[in-house]
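You will see two complexes here that share chain A, one where it goes with chain B and one where it goes with chain C.
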Partner chain A sequence: MSVDTAAVVQQPGGPEVASASAVDFETTKEVGYYSLVWRRFRSRKVALVAIAVIVIIAASCFLVPLFLPPNVPDASNPYAGLSAQHPFGTDEIGRDLFTRNLLGGQISLEVGLFAMLVTIIIATALGALSGFVTGIVDGVVTLLTNALLGIPGIVLLILVSKILVSSGLSPVTGVILGIGFISWPQTSRIIRSVVLSLREKEFVEAARALGTTRMRIILRHIVPNALGPIIVSATFAVVGAILLESALSFLGLGIGIPTATWGALLEGGYTATTAHNDFLYALWPGLSILITVLCFAYVGDALRDAFDPRSFER
Partner chain B sequence: MATLVGTRRPSAGALPRIPTRLLIIIAAVVAANLLWFFGANALDSTGQVPDNGRDALHKLLLLADVGTVMFMAAEWMGPRLRYFIRRLVLGAITVLLIVTLVYFVLNAIPGEKWYSHLLNVRGATPEHIANLRHVLGIDRPVYVQFLTYLNQLIAIPPDLGYSTALSQTVWDAIITHIGPTAILLGTAYVVQMLIAIPVGVISAVRPYSKIDTFVTSFSFFGISLPNYWFGSMLIYVFAILPIQLGHSAIFPVGGQHTGEQTGIGDLAWHLVLPVIVLAVQGIAQDARYTRSAMLDVLGQDYIRTARAKGLSGWAVIMRHAFRNSLLPIITLAGLEIPQLFAGAIITEFVFNWHGMGQLTVNQAESGDLITVVGIMMVLASLVVIGNIVADLAYTLADPRITFGKRA
Partner chain C sequence: MTQAPPPPSAPAAPQPAPTPGAERPPLFEVNHLVKHFPVKGNALTGSGAVVQAVSDVSFTIQEGETLGIVGESGCGKTTMGRLLIRLIEATSGSLVYRGVDLRSLAYKDLKPYRAKMQIIFQDPYASLNPRLPVGDIIGEGLYNFGVRHAPDRERIVAQTLDRVGLRKYYINRYPHEFSGGQRQRIGIARALVLQPEFVVADEPVSALDVSIQSQVLNLLKDLQKEFGLTYIFISHNLSVVEHISDRVGVMYLGKIVELASAAELYSNPRHPYTQALLSAVPIPDPTMRRERVLLKGDVPSPINPPSGCRFHTRCPVAQQICTAEDPHFEPKDNNPKHLAACFFSDTQAVKEIAAKLAL
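This part shows the complex of A and B:
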């Protein structure tokens, strides 16, 4: 090693190269980890468009209904076609479907966001714990994870949300907690594997040598360093939550009437499609779900590329 | 290096070094045996637990003993056998855990709705109801009911119980419904793999080309597509719209057969739309997965070596790259079973396909506890078997894998 270094120094032009890099070092602005991530994320135009679309959808769902007239049923006008007054037509009791769609979007987005939070909190806690503590704790958590992954999520969701709702929670809260309860295992697996590799890193060893408690190491050293995968999982958790909620509502077992969600509107649309031979009622809520979820998936994918340490080398 | 100590294989006959966590398990099992030996009579004298519940506890204890002995005996066996015995024991624990979880989750739903169709008969007297509750066994605490159920379950052959809602045994209900689901899922799975793997390989061989960009966009589309919505749109386009325009339906609205027909052609005709719905989602996921697995392998040094020694492009891709990327694909295939079934639940609902998925939703909705638990138990066993088969397939795909490393 020392021989090599000496050889390099003796090379003509060596010092120049060194000074050039020194100058380079001085003129380059120091760039933090997250601004690097942001730079890489910014270079993906599709993801920026996706974020813009999500913001537009969310803003129209939450703001536009404030300026619309109250959505009163009009029994004389059920299943009306498209018109200037009802851009998406009316449903079986004559309510304007455009307004219903926006109101449904509010609930669907809320469910997506809060269910994601519940999922991420449970998954991070259990994933970090089992990855860091290992041993018997890891064994128990892994067994539980495998058991939950062995059941199709939607069946468990039907049962769990039923229990939560019958125990006095509002249907929206019940479905949010239910989705959080059934979708943590996938995320927890990812976080556990990240933590397993982080716990062998030098900075953790240094913290341990300083006498830092385990709890503090997990909270101040492990979790902040695993934030990349956690954020990426969070985006995909939103995707899963919105799809799960709408599937549940579609089966008629989710957030029931009179609350509108995209899934519930889709169920009405399905009835309209098969019973009244008109697919337009199912088209709009379906497209709303598809576009929203697609945008979240694109953002998640761009985030994954941005956080990926391998893309440092490119 | 601390990890090296654990990987040392014990020489034949020598007592192997037992890991601490195994010691804890052994201590727990020994304690449970002692507890049973001295406490069984005490349990009987309380009169809280009936005979079959006592038998269930005894069987559980025996299972734990056998499992531990197998776990220990595996220490002296060859690495592959040791690995599979461990997987088998852990798999059995997982299945038991799933059954327990689903049973108690179902029982936590309040109300007597499970048997309401039997209890709320017109003219039923309180004595009649009390008698019926006793006969059905629902007047006892939940844990006693669970033990009774376990006692039936841990037997040869396993008894999954009798569903009063379906008026048949759960086993019969599963047998009659598993066929259609197997046909639907099997066809969808074959179609999905036949399309997804070549597509994934091609897009990995030409990354960032037009084909690759198209595949990536398509897979995002497939992942985000709500399958129930996609199904109803297909029904509209292929079944309802043609009839509205005065033709006959290109594909049927749903169901498995037209009228009394039983031919394979008729079945295939009914299969097309649900298989499309199931496969599109699967293709999206698997093609993406195959692509990333292939890309990982294609970046390895031995691929460069193979190219450098003058092998043709396809020989490198098929013999060197594809074979090595099979491992993660096989893992995925094993893990996909619950997900496939979840897809079947929705698809069967939309297309009125009389399979396990429809049965599960109907019985979960109406609260037929014992059928849902039975289905979950069968499904969990399939998942465990699927994962073990996936591991076996590993050794076929890559002879170097020997499972020598200790867990």
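This part shows the complex of A and C:
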């Protein structure tokens, strides 16, 4: 058996590696760490279904509205029931709720994704720093973490996003940054503890004995080994962000009218339910939130199992 | 193995001119090495207690020899190995390597010595980064010392793999694809790729199957012959240490209590602790029974070591003086190469036990 050496000899540092290599490589099929993770993940059918559902929801939220007619208010037709024209009915000023639900999903998913990114970036940077450097840096970060955890999250979020928006940011950006700001401490704690245990590992000592710089140790030995917990935290950060945004919008303190989000639609549905005794208005946004959050949680669970080092390191 | 490009910044080893007739200067001279780890007390009082992991250890290593260090778990032998190459910082003492006190150097100035001093770890699982392929693991030192061209690095790594008895094409595999013995060979290759002079082998075979242990030990011996390596071989296994070492030091509670050539130590142990250890080594002959020196009690806490001689709480020959004074680490039988820290090493009682143990 022979193999394309170019594929095998890929090393950071140069694309012409294969031709220049003096080593005669026999063929091997390399099984990297991440392909093992994928194999384990793949065996969890629920997680695969969850991913499919997430893809379907995201695709319909972002693609279907492109083919729908513009959603103009129709004051003559408020609170219409289910019909072929309005599958989810209409709201208090006669807008089509099906379209609103899809558009709301766009915002909710965007907030979930970007707030997760903000959370993970802050949490990884501070968690890795405080876990690896320890000492006074660790003390300061831990103090900050505990201080933020000591304030009720939703109250802090209302305050922070209000400040951000009033300083000129768009409401969506304000909410995303606000959620990132109040969510990083939990994740940062997880990452710190992972880094704390990694820095004592013998392969880190070996790297120090070989004269590897601290920055390179963090980037090559610490962060790649912490990537599992980071990715798992990321999926749960999406869940947290979607829920926080919904709660905020439900309270009427979120992104604000006229922008639809699932939380805002839920609030509208709640009003309709109390006024008209018809729970269907709240059902669709509620279900959307529930299903999306459940799917991300299942993916997170499966990822956690797939990354669990005990299952294949020995 | 063909030439790994020598690290560009290799230390210009200051070699004092050897005086004719005198012994060569030692490669490594360890003087009064001490390591105390602070114990975390509660936040208010801060306790201030310390674990005396290594207390006042001194010895020298000649170039090309193997110094074995034995002792039971928690006696400080692993800590000592880490101290020698400054993976952890000593509390006091000096580490003179080819005339340079490593402890006087700033951490960054230590880098040239990193190429010369390496370590092989006990746990072949924890010591290899699971996210990196073998080629990157072994090539890391080469990268750090200026071999930035990947094909060059690969060539040297492949030669090193070959030298430690692994196939070249393993270079792209990941650690989880290997057995414990193979992993340990990868760890050895990583330590040797920079062509060091001095290697701390920290229980390199303790985690391996007995059948694999001898292979790895023989590999270490072959490599020593081939590259003129100097080893500190740390182990709790007396037979393994006897097999591989030229000289052997016995550690108890952070101190070296006896140090002699391997042949001398195993045939004429003069510290009661060494005697107790040796009496526990099984003899591969069912018809023979060895005199047992049984110790009472457990190893005392290194936070609060006993006064005087640290071994007196368990020593079969201890007297009043042992609780009050710490015996000097000094030559026994007027043999300058056999050192022991015991007041009674030269007494008839101890000599008799030594004779019985020697069989």
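The rule is simple: the second predicted complex is superposed on the first by the 282 of 314 C-alpha atoms of A that agree within 3 Å, B and C clash if a C-alpha of one lies under 4 Å from a C-alpha of the other, contacts with A are read in each partner's own complex, and residues count from 1 in each chain.
Note that in this section a residue touches a chain if its C-beta (ideal position, glycine included) is under 8 Å from a C-beta of that chain, and two chains touch if they have at least 3 such contacts.
Since the structure is predicted, the reported quantities are computational estimates derived from the model, not experimental observations.
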item: Contacts of A:A282 with chain B and chain C, given as first, second, both or neither; value: first
item: Chain B versus chain C as contact partner of A:D301, first or second or both or neither; value: first
item: Chain B versus chain C as contact partner of A:L266, first or second or both or neither; value: first
item: First (chain B), second (chain C), both or neither touched by A:V160; value: first
item: Touching partner for A:I136 - first (chain B), second (chain C), both, neither; value: first
item: Overlap of the chain B and chain C footprints on chain A, listed as residue numbers; value: none
item: Chain C-touching residues of chain A, taken from the complex the two chains share; value: 8-9, 11-14, 17, 20-28, 30-33, 36, 201-203, 205-213, 220-221, 224-225, 227, 309, 312-314
item: Residue ranges of chain B touching chain A (in the complex, touch as defined); value: 20-21, 24, 90, 93-95, 97-98, 101-102, 105-106, 108-111, 220-221, 223-226, 228-230, 232-233, 235-237, 240, 244, 253, 335, 338-339, 341-342, 345-346, 349-350, 360-361, 364-365, 372, 376, 379-380, 383-384
item: Residue ranges of chain C touching chain A (in the complex, touch as defined); value: 82, 85, 87, 111, 114-115, 117-119, 121-123, 125-133, 135-137, 140-141, 144-145, 148-151, 153-155, 158, 167-174, 176-177, 187, 190, 194
item: Complex interface listing, chain A residues touching chain B; value: 135-136, 139, 143-144, 146-156, 158-160, 162-163, 166-167, 239, 243, 246-247, 250-251, 253, 266, 269-270, 273-274, 277, 279, 282-283, 285-286, 289-290, 293-294, 296-298, 301
